[in-house]
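Two complexes, one shared chain (chain A), two partners (chain B, chain C).
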Partner chain A sequence: MNLIYPFKPYLAVLSARVRTLLQYRAAALAGFGTQFFWGLIRIMIFEAFFRSSTQIQPMTYDHVVTYLWLSQAFLVLVPFSADPDVRSLVRSGNIVYELVRPANLYFFWFSRAIAQRTAPGVFRALPMFIVAGLFFNMQLPPNLYATSAFIIAMICAILISAAITNLLNISTLWTLSGDGVGALLSAATWLLSGMTLPLLFFPDWAQTALNALPFRYMMDIPFRFYLGQIPPSDIWTHLPFQLAWIAILTGLGHVILNRATRRLVVQGG
Partner chain B sequence: MSQIIVENLIKTFQIAQRRPGLWGALTGVVHRTYRTISALDGVSFTIEPGELVGYIGPNGAGKSTTVKVLSGILVPDSGRCEILGRTPWQDRIAHVAQIGVVFGQRTQLWWDLPVIESFDLLRDIYRVPQDQYVNTRDELIPLLDLEPLLDTPVRQLSLGQRMRCDLAASLIHTPPILFLDEPTIGLDAVSKLAVRDFIKKLNTERNVTVILTTHDMDDIEALCTRVMVIGQGTILSDGTLDNLRSNVTRERRLIVDLESISEIADPDAQVISTDGHRVQLTFDPERITAQHPVRDLFVENTPIEEIISRLYKEQKL
Partner chain C sequence: MINALKLYGHYISISLRGQMQYRASFVMLSFGHFLATGIEFIAIAALFDRFKHIVGWQLPEIALLYAIVNTAFSFTDAMSRGFDMFGNMVKGGDFDRLLLRPRSTALQLAGQEFTLRRVGRLSQGFIVFIWANQHLHITWSPEKIALCILAIIGGICFFYALMVMQATVAFWTTESLELMNTLTYGGVQTAQYPLSVYRAWFRKFFTYVVPLASVSYFPGLALLDRTDPFGSPVIRHYISPFIGIAFLIIALQIWKIGVRHYRSTGS
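Entry: the complex of A and B
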C-alpha cells in the first residue's frame, strides 16, 4: 500500500471542499474589492499617524504598508466562524453520516477547516499581490531566506487557524449555533493576531501576554519574517512554539470532540 | 455464530424542560431541569447472515435509535452488541467500514457536487481499490437506473432519484450488512417498487444482510420474511409476518360495494362502518359466507398500527 492510503479519506474531503470553494468566483471578486478598499483606508490612517508623530516607531512606514497589504491579502486565515457545512450538519442531524465514515471525525473536520482557511484566499490574495505590488508600494521579501522562513511560518499559521476553526466546529455540538463562541474567538483573533495593528505597536506591558498566545503566529510573526524584520534564522526559535500550539489546540479539540460524541444526541430523530 | 447480536440495550435521553412564560425563560438560563426519555428499554435480538429483517413500530418506538446504536453513532447506557465480532461504538472506525446505512429523511450525498463525484469521494473515504470500485459502480448504476443522473448536482434531484442515488452510495464499499432507516418514505409508487426490487435482489443474489425500518407495510409484505415489532423501547414480537398476524388477530377486513343499500346481518361478519353503498366488514376467514350480491370487492389487512396497539395492550396486561 502506498503512502497516501491511510490519508485517503482526509485528502478526499480536502480536495472536494477546495474544489467547491474555488467555484465561488463572484464572492472572491467582491472579497477582493472590499479587502482592497480596507487596505487603502488603513494605509491612509497609518500615513497620517506617521506624519504626525515625532517618536521613532517600532516599524518603518514602508514595512507597515507591506504588512497591511499582507494582512488584507491573507484575511481568509482569520478563524471568524465555524464551517457553515458543519454547523448545518449538526443542526439538521446529518452528522449521523459523518459518524458512519471510517475516518477520525476530528481530522475529517480538520481537513475541511484547512480548505475553508485557504481555498477562498486564492482568488483574493493573488490579485492583491499583483495590484498592491505594482501600484501601491507592497514590497517583496528581501531575500530567499526570508521567503522560506515566511513559507514555513505560513504553513504553521494555516494549521493553527484550522485547529481554532475546528474548535469552533466542535463547539457547535454544544451550542447548536456556534455564534457566541465564534464572535468571542474572532474578536480575540482580530485584535491579538496583528490584524488591526502590528503587534509591535502595542504597549510594552501587553507584549508578554501577546507573546504567550497563539494568535500572533497567524499573522504577525509570518509577516515579520516576510519583511525581514525578524532574521530568517529566528524561525528555529519560533517553530517549536508554533508546533507546540498546534499540538495543544488539536489535542484539546480531540478531547472535547470525544466527550461530545460519546454523549451525542442526534437532532431530528 | 450470529452476525448481529444485540442484548438488553438500554438508551435514555435527557431532554431539558422549558418552563413556560418569560419568567420561566429567564430562570431557565440559570437553573435547568431535565426529564428522562427512555428510548431503548432492554432490546435484544440476533440476526444471521443473509436475513432480510423488517423492523417496525409506531413513531418514537425506538427504531431509529436502535439503528444508530447498531451503527456505532450512539453509545447505549448499558447492554451488549456484537456485529461481525465487534462492538459498534467501541471499534467505530473498523465497524462502519463493514456496514452501509441509509437514513431515509437525510441524504449522504454532497449537495453541490454531481452524483458521480459523490460516488468517487466515497470511494476515497472508504479506501476502495479502483478496480473494485469500477466493478461495483458499473453494476449499481444500471440496477438503479442512475445513468441519466450521474452529472446532475444532488440538489437538483427529485426525492425518488435522490433515494436511489443514496442507496447506491451506501453500497460503494460493498458492505455485508445494510441498515435502511425508512428508505421509501415520501417516494411515489414507481420509485418504491424500484427500491424494493433492488433490496430484494441485493439480499437474494449477494447475501447482504438487511435491516429495514419502515412504516410502509407493503414494504414489509413484499420483502421480509421476518419482522420485529418494537414499541416504547422493547421488542414486542419477533417472527414471520403471518405469525404476527395470527398471534394478534385472525380477523380479515372486507370492503364491499353493494348493488343496493341493505342491512347486513350476518352471524360471521360484523359491520364496522357503512358509507352509502360501501360497507366495511370484519370477519373470521375460517368461516366464510357469501349471501349478498356484490358489485366490487376490496380486501385489506388490519392496519399495523392497530395490530401493534393491540399487541401492546396484551403485553401490558
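Entry: the complex of A and C
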C-alpha cells in the first residue's frame, strides 16, 4: 500500500477525461481562431484608449496586451457550465450508478471538472502563445521567479475554477439543467475575474471588493504574476487566499452534495 | 406572401406557448441573459472612468452605438435559432422533412423557435438607450427617428444574414462553422465602438466585405451629428442601413444555391 493508492480512482478518472477531451482538436482550433480574433478586437480598443489619453493608468499598454492574450488563451478556465455528462446522468436517472461507486462522489466529479477546465484549453493556449508571442507583442514572464509564481498561482486558479464548476454540477441535482445558476455564475466570473477587463482598470474603491471575492484569484492574480506586475515574493501573501478559497468552495460543495444525495429523487424512465 | 406571414405568426405563437410552460425557467434564463450581456456595459463604463474618452467619443455616444447594435442583435438572436442549430439538423438528416413540405425552407427554419429569453439582451440594450438619450440631448426630428428605427431593422437583417450564411456552410461541411461566431458576437463587440478606433484593414473589412459599419457606425454618426474622419457624406449615413437589408437578400439567394446542393446524410 503506497501513498498514492487512495487517490488512484480520482487520478484515473482525471486522466481518462483529459485524454477524451484532448481528442477534440478541430474544435480547439476553431476555438483558437475565435479567441484570437476576439483578442485582436480587444487590443485595438485598448490601443485607441491609450492613444486618446495621457492620464497615468494602473497598467502599461504593453502589460495590457500580454494580459489580454493570456485571458484569451485561458478562456476555458471560466466555469461556463456544468459538466454535460453529469447533467445527463441526473436527467436520465443514471446518477444511481454514480452513487453506488466505492468512491467519494464529490472528488469523482471534481476530478472530471479539473479535466474540463484544463484539457480543452491546451490546443487553444499553445497556438495563442506561439502566434501572439511571435507576431502580436505577447511577452514572456520577465524571469524564472515570475514564471514559478505564475505556475503556482495558476494551479490554484484551476482548482478554484474546478470547485466552482463542481458547484454547478451539484446544482443540477436541484434544477435538473443548471442553466440559470450557470448563467449567473459565469456572468459573475466573466466580469470579476479579469476576462472582460484587466481588473486594475475598475475604480479604486472596487478593488477592495474584488479582493474579497474568489474570482480575481482565477485570472487576474496569476496573470499579474506572469507579467511581473506583482513581485514574485508576494506569492506568500496571495497563496493563503487561494488555498482558503479552495477549502471554502470544496467544503461548501461537500455539504450541499451530502444534503442533495439524502433527499435525491431519481428520475425514472 | 400574406400566407407565409400568417404561417410564420402561427409558428411563433406555438413556440411562445411552449416556452411559457416553463415560466420560472424562463424568468431565470432571461435574467441570466440580462446580466451576462449587461456586464459588457459595466466594463465599458469602467474604461471611460479611467480614460475619459476614446478618439474623441464620450461614453453616452458609445452607449448609443451599444444600444443600437445590442437591440438589433437581440431580435436576430431570438429569431434565428433554427439557422443556428442547422448543422445538427443536416447531420441528423432532419432537413429532408423540411424539403417535403410545400413551403420555403428558410421560412420553416425561421419559424423553428422564437427564443423569448433574448429579452434579457433587449432590455439591457433598451436601458442603455434611455440612459444615453438622457445625456446626449439629441433633437429627435422625424428623419432621425426614422433613421434610428431603420438602423435597428438594418442591423437585424445584417446579423440574420450572417446566421443564414453560417447555416449555408453546413450544406457543404455538415457542421456549423464556429468561426462564424467571430462575425456575429465579434461584430456586436466591434460595433459598440466607433469604426475610427480600429486599424485600416479591420475598418475596410467591416465596411466593404461584411457591411457591419452600415448598420451601426454610419447611422450612429448621423444621429449624433458627427462628421466621419474618413470623409463619407451625410447622405450615405442615412441610406446605409439599406445595405443591411440587401445583405440579407444576398444571403437568402446563396441559401437557395445551398439547398439545391443539399444531399441527405441518410442517417
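Rule of thumb we're sticking to: the second predicted complex is superposed on the first by the 268 of 269 C-alpha atoms of A that agree within 3 Å, B and C clash if a C-alpha of one lies under 4 Å from a C-alpha of the other, contacts with A are read in each partner's own complex, and residues count from 1 in each chain.
Note that in this section a residue touches a chain if its C-beta (ideal position, glycine included) is under 8 Å from a C-beta of that chain, and two chains touch if they have at least 3 such contacts.
Keep in mind that what you see is a predicted model, and the values were worked out from it rather than measured.
Asks: Can A:Asn137 be said to touch chain B (first), chain C (second), both, or neither?
Replies: neither
Asks: Looking at the overlay, what does A:Thr196 touch: chain B (first), chain C (second), both, or neither?
Replies: A:Thr196: touches chain C, not chain B.
Asks: Identify the partner contact of A:Arg51: answer first if only chain B is touched, second if only chain C is, both if each is, neither if none is.
Replies: After superposing on A, A:Arg51 lies in contact with chain C but is clear of chain B.
Asks: Of the two partners chain B and chain C, indicate the one touching more residues belonging to chain A.
Replies: C
Asks: Touching A:Ala187, do we find chain B (first), chain C (second), both, or neither?
Replies: The answer is second: A:Ala187 touches chain C but not chain B.
Asks: After the superposition on A, what does A:Ala103 contact: first (chain B), second (chain C), both or neither?
Replies: A:Ala103 contacts chain B only, not chain C.
Asks: For A:Thr60, decide between first (touching chain B), second (touching chain C), both and neither.
Replies: neither
Asks: Note which residues of chain A are touching chain C in the complex, please.
Replies: 27, 30-31, 33-34, 37-38, 40-42, 44-45, 48-53, 55, 57-58, 177, 179-180, 182-184, 186-187, 190-191, 196-197, 201-203
Asks: Under the touch definition given earlier, write down the residues of chain A that touch chain B in their complex.
Replies: Residues in contact with chain B: 5, 8-9, 11-13, 16, 20, 23, 92-94, 96-97, 99-104, 262-266, 268-269.
Asks: Please give the residue numbers of chain B that touch chain A in the complex, ascending.
Replies: Listed in rising order, the residues are 13, 64, 68, 71-75, 92-94, 96-97, 99, 101, 103, 105-108, 110, 112-113, 117, 121, 124-127.
Asks: Looking at the complex, which residues from chain C come into contact with chain A?
Replies: Per the touch definition, chain C meets chain A at residues 25, 28-29, 31-33, 35-36, 39-40, 42-43, 46-47, 49-56, 177-179, 181-182, 186, 189-190, 193, 197-199, 202.
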